[in-house]
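Going in written order, the chains are labelled A, B, C and D, and every chain counts its residues from 1.
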Amino acid sequence: MTTASNTSADPASKVPEAEQPNQFNVQIANGEASSAFAQKRLFQLRPKDKGNNPRGPWKTAFSRLLRDKLAVASFVFLAAIVLSTASATYYADHISQTDPFQSNLDGQIEINGDPAEIMAADSEGLGLGVTPIGPTWTGQYLLGADAQGRDVAARLLYGGQNSLIVAFASTALCLVLAGVIGTVSGFLGGIVDTILSRLLDIIWAFPIYLLAISLSIVLISTGLQIGPFHIPSNSLLLPITIIGVVYVPYVARPIRGQVLTLAKSDFVLASVCLGMPTARILVRDILPNVVTTLIVFAPIMMSLSILTESSLSFLSIGVQPPAASWGTIIQDGQGLLYTRPLVAIAPGLAIIITVLCLNFLGDGVKDAFDPKAKLRVGKG
Amino acid sequence: MSDNILEIRDLTVGFRTEQGPVEILKGVSFDVKAGEIVSVVGESGSGKSMTSLAVMRLITDPNAMISGTIRYKGRNLPGLSAREMRKLRGRQIAMIFQDPMTALTPVHTIGWQIAEQMRVHLGLGAKVARKRSVELLGKMGIPDPERAYDRYPHHLSGGMRQRAMIAMAISCDPAILIADEPTTALDVTVQAQILDLLQDLRREYGSSIILITHDMGVVSTIADRVLVMYSGRIIEHGAKSDLLDKPQHPYTLGLMRSIPPMTGERPRRLPSIPGSPPLPGKRPEGCSFRPRCEFSFSKCSAVPPLYRCNEQFAACFLAEHGSHQWQRNLAEERTAK
Amino acid sequence: MLLAVLRRAFDMVFVMFGISVIAFLIFFATPGSDPSARIAGRNATPEMLAQVRIAFGFDRPLYVQYGRLMQRLFIAQDLTSFVNRGQKVVPAVLQATPVTLCLVFGAAVIWLTAGISLGIVATVFRGTIIDKSLMLLALAGVSMPVFWVGSVMNLITQSRFHDTWLFSWVPGLGYTSFFESPSLWFKTLVIPWFTLSVLFIGLYARVLRASLSESYQEDYVRTARAKGLSESRIMVRHALRTSLITLLSMFGLDFGALVGGGAILTEVVFNLPGIGRLTYQALQNLDLPFIMATVMYSTFFVVLANALVDVAYAWLDPRVCDAR
Amino acid sequence: MLHHTVCRAIAMALLLTSATVGVARAEDKPKIGGTLRLAAASAAGTIDPHISYETGFYWPIFYVLNDGLVTFRKAAGEPSNDIVPDLASDMPKISEDGKTYTFKLRKGVKFSNGQEVTLRDVVASFERLFKVGNPNSSLWYSVIKGGDKCVETPPTCSLAEGVVANEADGTVTFNLTQPDADFLYKLAVPFGSILPADTQPSDLGTTPPAATGPYMITSYDPQRGMELKRNPEFKVWNEDAQPDGYVDEIKYSFGVKPEDAVTAIQNDQMDWMYDSPPADRLKEISSESADQIYINPSFAMYAAEMNTNIAPFNNKDVRQALNFAVNRRAAINIYGGPRLADANCQVLPVDFPGYKGYCPYSKNPGEKWGGPDMEKAKALMERSGQIGQKVTVTVGDAGVDPQTGTYLVSVLNDLGLQATLKVISANIQWTYAQNSNNNVQITLNTLWQDYAAPADFLQVLFNCSSFHPGSDASPNISGYCNNAVDAKMEQAMKAALTDVAASHEMWSAVDHDITDDAPWATLYSPKLLYFVSKRLKNFTYSNQARMVFSKVWLD
């Protein structure tokens, strides 16, 4: 892949220049028409140019991030979501008092005094059918029960835990892998680069879902055997690994590109001329920039991972039951879609809100750390 | 002054910023007569380009604050509606930008871009427009204009692109041509050619030219009149000959000194003005040149008005009582040669 | 130029080869997975298993197996489902293709028109509340899991509001070919089209908005103004024209990926018998040949899309083709 | 409250009368033509009538496609259990010793490919049964002379002295090694279908065979669906055996999830669904469109079959523990509530010939199930020493299986096992579970009668000879093999020839023995609930063919 592939990861989500940080600088740029663009570039590249003492620009970046209200708000929101999912056990034990992983098909609960069947056999008409209890909006079965008579609210929280864990872990994995591959390939160049970037090209041309699905089919049915370690097929590690791996090219390619340009950049050449050892250059000049880019990627990748995880779980090749994730809950909800839509809709909303916040945060981080960075939110 | 085609009266441009309003231009006033070449000189940041953009009403920034009058043939440009202004731009007042690399749309042929302007303003048909633009390209001294018409900007050298830019600018023969550092991005030989081109234009179309530059060399070659700008103000203006022979303002003097002499042995190194112009917003009280001025004295803490001395104006207290000591020295130096 | 074409062709072949190898390794060489066991879909008597082993050379080194499989997949094309005996893989894939094409094509039309117009509107009003709210919507669209949107759509159009004038026209889930009944074909696809396009509308609006406001910083837009062009002309002929290049490259890849099974979720939710659903069922039937076939097929589309994008690129952006 | 229950009772009564005699509701006059649209969650693999053992799913279709020498009467209710002559012009002459059956082949019946049905075809068809490895070949058809050899070496199967054609008087004679009370039944089911002699001697897979019935399969794509059109060669020869169909076309679409199918039928987008409607929809449809619902008692069993050959279910205590622990009411709730199923612990369905209520796995053991007994179950687990064992519950992705599977998983976990659920396509589940190579530990199936005799359930599902290791055609899913029980079955079979009542006694004994060994955890015997579109008329439920596709017409 030549042009197309390079540009493909490109298209950026940028903010209007009015929102761009450091008004002042930009306006001078506009004012001084002759060098408008040059100056703007200068300003925007600044974090990179100062690559060899990262703390400085990072401080400014963070302070910039803090000034971005939307980003801060989303961050707070995310924190709230994380906390609430963390409280899953508490809710299950003390409020709903049911095990959300055990079917509860002929249990009863007390709704303000009088008992209620969790799976109520119908008494009207032909007296056919059994309907899970609806949202009580109080304590137990807050959002009602699913087809197994399990407390949806409780499952939602536990599911959230898994979804977030998977998303976070797979993102971390993806970024680390991509960072390493990209840097090595870009910095060493030569045959290593050719091989690595070829490999990336190939994986990149692999439609994400198909790759994920293919991996899942094999791994879910057999588990993964790496030397002495065996990952059982129902372990969270599987979806984490799969999602982590499939997105590597999307991050590794831009990183490689960045490292390539950096390696040719003046300040690196300078330090080469100064006879600085390669390792030192790598650590002092290259890595800080790579890390910046990775930071910029992090939120976007996380939102992608959440979506991917839910999709795989929806196809029942992601998180395996009895464990739940937002995706699996939606899947369970399919059966109840027409009578208890809430079961399917609630986790969906949870996903949307989380991903939305992550994307806002992503925009914020991007503008704060590296406004010129080109990344793309969401992938079909 | 009926033959003034453009009259600018205390034009002020400022920007709202997080650090409060910042003035880029302060009370700039000058005239342009029909058919003359006025050259605006100054270091970058002095606001000369801002002036031209203001005239063209190309300052799109929502935070811009613009005041003052700009009369073109008696009509006040800031007062015009967007439509009227559009009719004027490119038709009456055209502009050439510094960097021909970025100033042309990369995805259209230069021919198309020239033709576009004529089709919009003169309502020419595709064929005629093409013919005219090919002629223009030819006039601008572009070899094989027929082919050049269908080339893309990135195919052409800087000089050629600048020629194309000029061709575009004059395609609807405007009354005023604003050339913003038309030669800065080009190498010396090409510079000369472009400058000649501009002079021919004046001769042929009799259109007046506002030439914005920081290069005294350029000024000395083609300008009729010179405006010297420093940190948003016009600090001296007058006929070229007067201003170059006996500059009234120390800053102008500095600029003069920085031109390599045409005759005699070259000095080991050219004298230059110490320091650099203040950023807008950080400008000192009083005369903003004071910190760099070798002659600064107590009075300079006030903002100097424009003092008139024959046909020359200078905003410096030294000019208060006519010519000054250093000017005579300069004169002697010259006569000695 | 010819050289470039050749290089491109080589790239394509290379990538396809690489992908086929990876796919093969995933299915046939993952530690702890015995393909012939998973092939034991239906009526797999021990003798059958033995046959399968021979036929696919599972007793031979990997490269032989790979060769055999590719040969049967592309040259002989006699690969049949292990689960539904006698069902040839290649025809099944070819039969599913038009469905997916219809789905993706329709969706593409929607998302391009909607995405581009949103992007333009937002840019025109950049900085205003309109811009901000549009971009918020776009981001929301990007944040929605497509299968969830699909389910909700079903809930609304099939159940909750089906007997209102709004959605009474919506036919049952499934697919009717265009030649059977154009009107029905359209009706069955409308909802899936919109479902599929939501994400991309958001995506494209955002990207276009970004690259447009970037163009508006460019010198050539200022030049265009100085030429006295109308804002609309500046937008269409200068800013948009340049931004479209970015968009196009994106579009080609998305289209390819979707046609290549990326639309699996939509197809499953709306029960459209396209490539995606084929893959999904093969997955549930543990039907190896089908999975291989669909994977190969879809990668072919993606690679093809890449190539086309490059061509279109050279055509849209003169700078590229000279760079070659 | 009392008042309430009364109403309910009345409603129920109404329903049952209206339901069981569906014909009675055929108030309006027949309509010919139209397309009958059927929906199912997924296909069920091969459509080879000599192989497919999809009694509930594909057999009803086969019944309107192909014919045997005899068949079950296509009628509603009781009469549908009777056997009537089909391709045979009348019922066979059976010798005194019950070892020879002689049929006269009907003249002038043609296959959909134009060929006439000949004696050759009859002989070939029965040899084909063995060649393609019919699931019951060894159990049912090896009584035919030469059958045993055919079982050993299918490819070279010849029934020269078993099935003898007599071209002269156009008769075919079956010679049996021993009398067999159920033989006619075995000829009446789709396995007995007569196919052209030149039909390939291996699984037809997705290519339909030539038909003799009113319809023929014109296309079959397990991913999409099945299309049946009128068989141009068909002429009615025996209204009882093979009536002509009303609708012109039958379109079966696969991949329609039950919840969507219900909605589709409500919206008149579908006419009939194979899967039972999800429990949570029943309330709505039964209150909104009661007259589109038909409930029929069915001779079927919903059970969890445990693999008695691999851990942990090779341990009787564990099997019994599950039987004690499983809450049949919960399972019934998933299926659609107490009105739709009877809890059951044994193999034979309620009211099936030879059925005697027996439930040792209950709080208060007796005839009927009275609730789970967790204490006993836990105790048994302790004793078994299998606690902590890993169990994978393998279920199909259609009907109530996934739900019930999930429930089983939680029960097994309660018992201290480490259970996980594995959902695979219903398209392969039935055969996948049968193949011992796949090491399925426990699975779920609804087991339908093939014909109304106890031997059918007990022998087919638990006889040593119906367990074929490593084969997909091994209906004895539990791999249960108990020679003592086999011997008892032998006797019962013999007895059936002379004294049916006595044989039923023996069969129920066998039933109870097996129940004690607990190779299954039987959950309930379901009633069949059919939800049909408004326009579907003359719904006719046969105990053999379920809804008789050739009997319904569309308004």
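In this text, a residue touches a chain if its C-beta (ideal position, glycine included) is under 8 Å from a C-beta of that chain, and two chains touch if they have at least 3 such contacts.
Because the structure is predicted, anything quoted here is derived from the model rather than measured.
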Checklist entry - Going by CA means, which chain is nearest the middle of everything shown? => result C
Item to check | Winner on C-beta contact pairs when A-C is weighed against A-D | outcome: A-C
Checklist outcome for this item: Looking at Cα centroids only, farthest away from chain C lies chain B
Checklist outcome for this item: Cα centre of chain A to Cα centre of chain C, whole Å, reads 21
Checklist entry - How big is the gap, in whole Å, between where the Cα atoms of chain A centre and where those of chain D centre? => result 48
Checklist entry - So what's the Cα centroid distance for chain B and chain D, whole Å? => result 95
Next on the checklist: Suppose each chain is reduced to the average of its Cα coordinates; what separation in Å results between chain A and chain B?
Outcome noted: 53
Item to check | Sequence positions of chain B contacting 2 or more other chains | outcome: 58, 60, 62, 97, 99, 102
Checklist entry - Which parts of chain C, given as residue numbers and ranges, touch two or more other chains? => result 127, 154, 158-159, 218-219, 222, 286
Checklist outcome for this item: Check: chain A positions touching at least 2 other chains come out as 18, 33, 37, 334, 337-338
Item to check | Interfacial residue positions of chain C with respect to chain D in the complex | outcome: 37, 40-46, 49, 81, 83-87, 92, 95-96, 154, 158-159, 162, 171-174, 271, 273, 277-278, 281, 284-286
Item to check | Parts of chain C lying in touch with chain B, wherever the complex brings them together | outcome: 127, 218-220, 222-230, 233, 237-238, 241-242, 245, 316-319, 322
Next on the checklist: Using the touch definition from the top, list the residues of chain D that touch chain C in their complex.
Outcome noted: 42-43, 45-46, 51, 133, 203-207, 221-224, 253, 255-257, 260, 263-264, 267, 269-270, 397, 423-425, 427-428, 431-432, 435, 437-438, 470-473
Item to check | Contact footprint of chain D on chain A as seen in their complex | outcome: 101-103, 105-106, 119, 121-132, 147-148, 233-234, 316, 320-322, 334-340
Checklist entry - Mind pulling up the chain B residues that touch chain C in the complex? => result 56, 58, 60, 62, 86-91, 94-95, 97, 99, 102-108, 116-117, 120-121, 152, 154-155, 165, 168
